Amino acid sequence: MSTSYNEIAGRSLERIGALSDGVFAIAMTLIVLEIRVPDLAGIQTDGDLWAALLRLAPRFVTYFLSFLTLGIFWNGQQTQLHSFGRANRHLAWIHLAFLAAVALMPFSTSFLAEFIGFRVALLAYWVNLALLGVILYASWVYARRAGLVRDDIGHEVDAAIKRRIVSYQIAYLAAAALAFLPSFGGVPPTYVSIGLVVLTQLNSAIAPRIPFISRF
Amino acid sequence: MSTSYNEIAGRSLERIGALSDGVFAIAMTLIVLEIRVPDLAGIQTDGDLWAALLRLAPRFVTYFLSFLTLGIFWNGQQTQLHSFGRANRHLAWIHLAFLAAVALMPFSTSFLAEFIGFRVALLAYWVNLALLGVILYASWVYARRAGLVRDDIGHEVDAAIKRRIVSYQIAYLAAAALAFLPSFGGVPPTYVSIGLVVLTQLNSAIAPRIPFISRF
Amino acid sequence: MSTSYNEIAGRSLERIGALSDGVFAIAMTLIVLEIRVPDLAGIQTDGDLWAALLRLAPRFVTYFLSFLTLGIFWNGQQTQLHSFGRANRHLAWIHLAFLAAVALMPFSTSFLAEFIGFRVALLAYWVNLALLGVILYASWVYARRAGLVRDDIGHEVDAAIKRRIVSYQIAYLAAAALAFLPSFGGVPPTYVSIGLVVLTQLNSAIAPRIPFISRF
Amino acid sequence: MSTSYNEIAGRSLERIGALSDGVFAIAMTLIVLEIRVPDLAGIQTDGDLWAALLRLAPRFVTYFLSFLTLGIFWNGQQTQLHSFGRANRHLAWIHLAFLAAVALMPFSTSFLAEFIGFRVALLAYWVNLALLGVILYASWVYARRAGLVRDDIGHEVDAAIKRRIVSYQIAYLAAAALAFLPSFGGVPPTYVSIGLVVLTQLNSAIAPRIPFISRF
């Protein structure tokens, strides 16, 4: 009866949370490593150094974007973990899959920073965002079905969690689609996409009380 | 009486768990760093970038493989820690040895990705898998003998944990042995080995209800 | 009512603390990676190696400085977290912003070490210090206003926390301003600034009982 | 009264433990990164790859040595933390200083691996070991004097903790001193030193019941 092993494995919600905090903390810190200190050679004055710092701007933008993204999904995951009464081995593996997608963020971020004008880089970044959303949605649906959600979590919370994930995934999809429009007034379309994703993430982080938007 | 020191050291199960979560989280995130962003030079179109991304495929395969492996052994270790009532300094050192093998995974993964067609690289990866299994098995046997396992953990769980480790180690050994068969239809034998290990790990992660296989 | 999502998200003080410990731990360890082992080529005797080690001195100084800085802000943040009775999603995001500034420290440190005689590098480091202080101050003010601070935390603690942040930020500002004075006796002005920041941080770490200074 | 800030800061033993687990976990994992995967160029057969793997042997030795060292000091610190009833800001800073020395281990390890035949590299490694021991000793002495140690911790434990640190530091000092003897039978003296440190660490880890040695 190998189910016996599967029954005893993966029960600890606390350790899923602890492992997740570790992976998020490392991913959040590693994305900074892509902002490389300029090379000493050729820099002689404060003006040169200032110019070199400005050339790092795309790296700072993608760092900011990915930190927001990681913060949003950290919040999303911990809201779920907080709502679960217990775990099982399937839930543990769903969250391991989620962490695998979290761990990919430094790569996606760096890939986007290096190729910021390329649609393939933006698509790869969007695939990562979509993976995070899909797995988090699956986690919630599975946990409800398997009876792992605490009894005091009502239908409103259930609906709020689902609506949140779906509406943001629609926004990401729309932003990614924009990159395939023709260039508008000389601005590369991937820049428009990135701008829209940043605005979406900022809306999630700051949660302004804008009548229509704050309903999602 | 220096035994006095050894008696007071290493008693905290929680800190063994916390250190382990940290090492696993870092190992899981570092294996992504081996997927290096392609060099900007020579990439001019989205087609070039897509081709460069495809050339990274072996890296994604070994990343996926090692994430599964780390997830399996994280589950295996936490199942044990969950079953222990208390720790002692010997158990702490057994788990430190286990973590030393976990920390080697990024090296083994990168080594395999770089030399995916070489038997030596596959053997090195297998040695790492075997080390993880042997130490985890030793941890359980030692903890039983030293009376560290909780009283409510019965013989069924004991048998399930042992059977699990042994049957998977046999599968890894068989997969590694396949690499020494002659090439079959032009497919390098190390690819067959890696495929078998991936299938074994997927079976562990997904735990499908296949009549015969799910008994292990 | 998406406020429903925002109401349930970000309530766990423990997970904010755990994520923060992770980010601080990684930032503290990554700043060491900037102290690169000298190149084997050209080093033949112990004397050569000793000379190469001495040339790394600026890296050790900035490592020491940044470790002190991270320790100070880790203490500052955990003092606040210890004083909070509960969290909400806004507080979680304030602390995520704080962690984003913490995660930038390895970059700022490395940037300062590489360009230790440049005012731009010192300014960048100061901006990072200022960000950390401003966000930590905002965290406290917000938590007081939103009623998240424990009831047993009196006005004295409130005043102490604010005074601490403000007085240190004034010291950092003064130190940064010194870098814009003309060179004094051949010593580059940025060195004077760095020396003053190190002294400020040491005062915070060692907390000597100096009559006037220990009042802040 | 800025003592007010110092009185409220740094009280949480749990967060010192959590930060320490994080720093140790990262240091343990980073030392592996110094074992670099051989370069693909020039490797054509399994024999070539095996030879390249063997050339990495010094890296594996220093990895093993540093993992043992980190394990020993992790145990030493957690034994102390386990014995404390509460913390204060001075104790927090002593442990931050300890962590600064822990975070230096990846540098010392890499420095020793790269310059394994040089006395300066061995001395640098020894300085790191000595720093760890001195700070851990200071932590215990300070905690006793400040009344932070739990009441149920008797004089035997006190004596055992002190004797442990002192006797190992004497062994490290003796091992480092050996490196300054003339070469013996063609074996570089630093190799003899490293061998002795490894044996000392193994004795600590395995804790064999050897009549004389196990008294320390």
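For reference, chains read A, B, C and D in written order, and residue numbers begin at 1 within each chain.
Going forward, contacts are C-beta pairs under 8 Å (C-beta built on N, C-alpha and C of every residue); 3 or more make two chains touch, one makes a residue touch a chain.
The structure presented is a predicted model; accordingly, all values stated were derived computationally and were not measured.
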Magnitude of the superposing rotation for subunit B and subunit D (Cα, nearest 5°): 90
Chain whose mean Cα position lies farthest from subunit B: C
Mean-CA-position distance for subunit C and subunit A (Å): 26
Centre-to-centre distance between subunit D and subunit A (centres being mean Cα positions), rounded to whole Å: 37
Per-residue multi-chain contacts in subunit A, two or more chains: 18, 21-22, 25-26
Subunit B - residues contacting subunit A, complex: 17-18, 21-22, 24-26, 28-29, 31-33, 35, 37-38, 40, 43, 46, 49-50, 53, 64, 67, 71, 74-76, 78-79, 82-83, 156-157, 159-161, 163-164, 205-207, 214-216
Subunit A contact footprint on subunit C (complex, rising order): 1-6, 8-12, 15, 18-19, 21-23, 25-27, 30, 89-90, 92-93, 96, 99-100, 103-104, 106-107, 110-111, 114-115, 118-121, 124
